[in-house]
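Following this line, the structures themselves.
Each of the next two complexes has subunit A plus one other chain: subunit B in the first, subunit C in the second.
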Partner chain A sequence: MRRLLGASGKRWVVSVPGLWLFVFFLVPFLVVAKLSLSEAAIARPPYLPLWEWDDDYLTVTLNIGNYRYLIEDTLYINAFLESLRIAFFSAIFCLIIGYPMAWYIARARADRRNFLLMLVILPFWTSFLLRVYAWIGLLKPNGVINNMLMGIGVIDQPIPMLQTDFAVYLGIVYTYLPFLVLPLYANLVKLDESLFEAAEDLGAKPVHTFLTVTLPLSMPGMLAGCLLVFIPAVGEFVIPALLGGADTLMIGKVLWTEFFNNRDWPVASAVAMVMLVILVLPIMLLRNAQSAAEGRT
Partner chain B sequence: MKRGWFVPIAASLGFAFLYLPIVSLVIYSFNESKLVTVWSRFSTKWYGELFRDPQILQAAWVSLKIALISASVALVLGTLAALVLARFGRFAGRTLFNGMTTAPLVMPEVITGLSLLLLFVSMELTFGWPAGRGLTTIIIAHTTFCMAYVAVVVQSRLVDMDRSTEEAALDLGATPVRVFFDITLPTIAPALVSGWLLAFTLSLDDLVIASFVSGPGASTLPMVIFSKVRLGVSPDVNALATLMIAVVSVGVLGSLWIMNRRKPTNRNPQA
Partner chain C sequence: MTVSDDQPWRDPSAQPFLRIKGLSKHFGSVAAVDKVSLDIYRGELFCLLGGSGSGKSTLLRMLAGFETANAGSIEIDGQDMADVPPYRRPVNMMFQSYALFPHMTVADNIAYGLKRERLPRAEIASRVDQLLSMVQLGDFAKRKPSQLSGGQRQRVALARALAKGPKLLLLDEPLGALDKKLREETQFELMKIQEETGVTFVVVTHDQEEAMTLATRIGVMRDGEIVQVATPREVYEYPNSRFVADFIGSVNLFEGRVSEDGEAHMRLDCADIGAEIYVGHGVSCTPGQRLWVALRPEKVRVSTQPPAQSHNVLQGVVDEIAYMGGSSVLRVRLANGKLVHVTQPNLDRDDAHPVSWDDAVYLSWGDTAGVVLPV
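Then we have the complex of A and B:
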């Protein structure tokens, strides 16, 4: 492309998307950082300005109180820990369910692979909100699952499933499963078939081959897939809001409540800043894992 | 491992898990009873109900407008970003550019939504634009996260494509812009179609970001569905879901069919 376009044309191609992302993706984070240091007020917009000019005096008021509040009120720390725990175990469950799927697709006949991949992608294209909603109908006390279990006499009272942590795990694993299967498949399909044959010829049992050859070689794909589940799951709002109970504390839900119900924009911003700091490391890990999985360094 | 029974069974269970909720949604949308999950008899009355609900119809119209515009702007911006990432090699600020293009993919939606809303509010205080929030702000927000998806889809196609035709055209004296429109664009067309469709469905589906940056009078379809669903399961939402699933399935299968039919012509873009 260096040869394709002159320097000025190149600059133009870079600057249009670059400028857009700079203004609408990068600058907003600076605004959040600024707001997390301001003070909430009953006003429109509901916060006090950070700096004021008054007769040549520039008064800058930085309010660390929002962050102190996050530490002092155990609600926030608990919500962060709970979100990290739920996201972590959801990623592990996705891995357990998704690994056989990715492996099966990768080892299927080449002409069937596209069809199987499409089966994984298709739910991802149908509304996320409606797929979460579908679980309400399945899980609620007089829902499909309970009715069926009671119909065949396994239980005589409905099991409470909706509005529990179980439902939140189920919802996250269900909606994010394709995010794990796809990068893992891309990793597995590139593995050289002869490696498995060699292991087999040398007398390794299938389980042994899997543990010593396949599993280590698919590490980058597993890591990329797990992170693609983990990162968005930490900040998930819709799933805990619809499937979780009142006591399911997830940080995305806390941020939402601070913003919409309490109208405390500065505290909501502080929560967002802390969440960002927590996610920086996994996001960087993800970038490394993705380039390793694609075989590029 | 290769011919074992464990993997096929586990994989089938996985696929069943993916489709169970969708199938149950579709089945119960034809249920006559108002108690969504207790089957009484086959009926299409909830579909009729759906088309008589002015709130849903209006929200659907708002969502469609937003999705059409955001997907189209995102297609242009995302394709430019993909060109930069796939073809420009190293340049000052590449790491930043790469980070800004891919980070929106994994950024939790509450953060994206909150940060954009705060940006819009600050901009309004400083420049007086955008005045209030509504369609425009939702379109800007959706364009921003959709272009990241377009960039990923188009970039992988650009990396995979055979570049000898481009080089031949250049050697024969075509201008770079002409080469782009006559050769590169037709070759990556399937990726452009799926990128646009992906952006369109993502915009149509977004609840969290739209809730943050929306204003009075601009309720999108997911926002209306969410407020209905929060109050409990409602049968007309099942009907709506079934319609959307049908549209998406037809769209995805159609685009797959187009892409498969197109494949042999890739070697010869003029055909």
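Then we have the complex of A and C:
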């Protein structure tokens, strides 16, 4: 009897997130999937229905053309590749900047760690959009940085920084750095201090200790952190739209243009579907990395 | 073989291998290690014995180079260690947690130190094989530490620490994580390996039995200071303070005042036990001085009949008996309520005249059975 109650209780608890996922993920996903197979039209909504009842006949029209269009027009492939490239290098830059931060926090005195972690999370207390706008003020030709550099006479002409790839990288790295630092910190702080001492005791200089012990043992944290930067960065729209130039081609921007400017909902949906499939792969990698990390400790 | 070969610390001309002079380490206002001076000789198996917080681990970590001293010096084989970083010291350490690298195989763990020396591959491989067979783990070379039992991990840690042929091996509670049976076996294995390799061992332990079994000499630590350095037998039979007497094994401590101070004997008036204690050797003291006598439980005889001797006899009632197999521990209550612990060996399988609860018994001991302690 108790077991029965327990089982049904568990079902109730699971059903809440289950329902959430169904209503806010699965249903919209199916709607987008359906849209991606329909045909664009000048109508309201701007696509033709997927199926029609005509007397006793059910006519289902599946339009694969949207996906073919994505392959035929190099714009989309280029946008995908460019997005992956920017996301990949952003993750690498985040790693280079974030690793020393995570390491320093993990090695700091226990009573200071929470304060340092709070500093990492602090930017989240301001709206993401505001922070990106603030970068515009810093980077624009007559912005803070250029004015300062010209004021002290380092440069005569303002350096074009806004609306370049540099600004996009800067924005992404700045925004997503905490996502790398936090999992990496969680990984590093769990490592047993005596492992480093053992390496040193056995004749490893600090550099060798880092390369042979710290680095391999922090691999799960590095992978998790990088993927947490990479995955949202691929579909990033706001940062390339605000900081990037006209030639910054990211798939999030293409999708937006397709949807709102061209009103081609089916093609936009196809772009979204392909992006989802591409991102499922690293998400599975992330899960494997996490279970490997848990298996080790 | 002369005495001094076996016990170099008795030879005034012998050069100590490890020389610690006035070593201190402060953490904030606490002196974890306080002006410790200690000489350890080549080939010794020296045990630092003390409770938690006695500074024994800090002292060991200073030898390894993980802590820097606030004062004093460490000399290993004539070389001052003050400016030598841990990775250049001719010292290796076996960690209490073993600190095996979880991402490396057993063989890679053992080879780690050798690889840092950039030895040829073949040489590393043969050395690793040799060490694996020494600790009887030949079949486990390709395993990861997580796939080993506690005892196997302990042996990997030992092999890894010995791989570079250190001049000095530091062992931090080497048997602490093993269960009792395995610990006893491993103790002897550790001694055998120490003898075979001839490496000087410094072992930190809080387990006095472990220290007694392993050590050539024991350094007893308390509050950052070394209170006695002596062989296991000396530490047990001739403790130099009540603390050491009490810390090593169990002991009855009687407090008294000198009532008679002879050339080759003395008498103590012990209000503690309401009797006089006769000591059959001279003690430098003054009449009326407060002294303590430490009497080991196994040095006390129990009888139901009055013993032949006229002094060092007490009367009491058996309060508690604990049968331990090899011996029995008795707690005897004296007339004034003080409890005296007595250990009796169980020599026969059937005890013809068993002492039982509430029996009136006589306790007696020899003239030199007790240790007279001024502090």
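What we mean here is this: the second predicted complex is superposed on the first by the 282 of 297 C-alpha atoms of A that agree within 3 Å, B and C clash if a C-alpha of one lies under 4 Å from a C-alpha of the other, contacts with A are read in each partner's own complex, and residues count from 1 in each chain.
Going forward, contacts are C-beta pairs under 8 Å (C-beta built on N, C-alpha and C of every residue); 3 or more make two chains touch, one makes a residue touch a chain.
On a predicted model such as this, the values are computed, not experimentally measured, just so you know.
On the superposed subunit A, the positions of subunit B and subunit C stay apart, so the two partners fit side by side. When the two structures are aligned on the shared chain, A:120 is found in touch with subunit B, with no touch to subunit C.
In the superposition on chain A, A:194 makes contact with subunit C only, not with subunit B.
In the superposed pair of complexes, A:95 makes contact with neither subunit B nor subunit C.
Counted by residues of subunit A touched, the larger count belongs to B, out of subunit B and subunit C.
In the superposed model, subunit B and subunit C sit 80 degrees apart as seen from the Cα centre of subunit A, a figure rounded to the nearest 10. When both complexes are overlaid on chain A, the residue A:243 reaches neither subunit B nor subunit C.
Judged by the touch definition given at the top, the superposed model places A:27 against subunit B, while subunit C stays out of reach. Once the two complexes are laid over each other on the shared chain, residue contacts for A:107 go to subunit B alone; subunit C is not touched. Touch criterion met: A:202 reaches subunit C, while subunit B stays clear of it.
With both structures placed on the common chain, the touch criterion links A:167 to neither subunit B nor subunit C. Once both structures are overlaid on their shared chain A, subunit B and subunit C have a minimum Cα-Cα separation of 11 Å. Those residues of subunit C that touch subunit A in the shared complex are 64-66, 85-88, 91-93, 95-97, 99-103, 112-113, 116-117, 146, 160-161, 163-164.
Across the complex, subunit B is touched by residues 1-6, 9-10, 13-14, 16-18, 20-22, 24-29, 31-32, 35, 45, 97-98, 100-101, 103-105, 107, 114, 118-123, 125-131, 133-138, 140, 142-144, 147, 174, 177-178, 196, 206-207, 209-210, 214, 227-228, 231-232, 234-238, 241-242, 252, 255-256, 259-260, 265, 268-269, 272, 275-276, 279, 283, 286-287 of subunit A.
By the touch criterion given at the top, residues 1-2, 4, 6-8, 10-11, 13-15, 17-22, 24-25, 28, 35-38, 77-78, 80-81, 83-84, 87-89, 91, 93, 97, 100-104, 106-112, 114-116, 118-119, 121-122, 125, 140-141, 143-144, 147, 151, 166, 170, 176-177, 179-180, 198, 201, 204-205, 207-208, 211-212, 222, 225-226, 229-230, 233, 237-238, 240-241, 244-245, 248-249, 251-252, 256 of subunit B touch subunit A in their complex. Chain contact summary for the complex, subunit A toward subunit C: residues 192, 194-195, 197-205, 208, 212-213, 216-217, 296.
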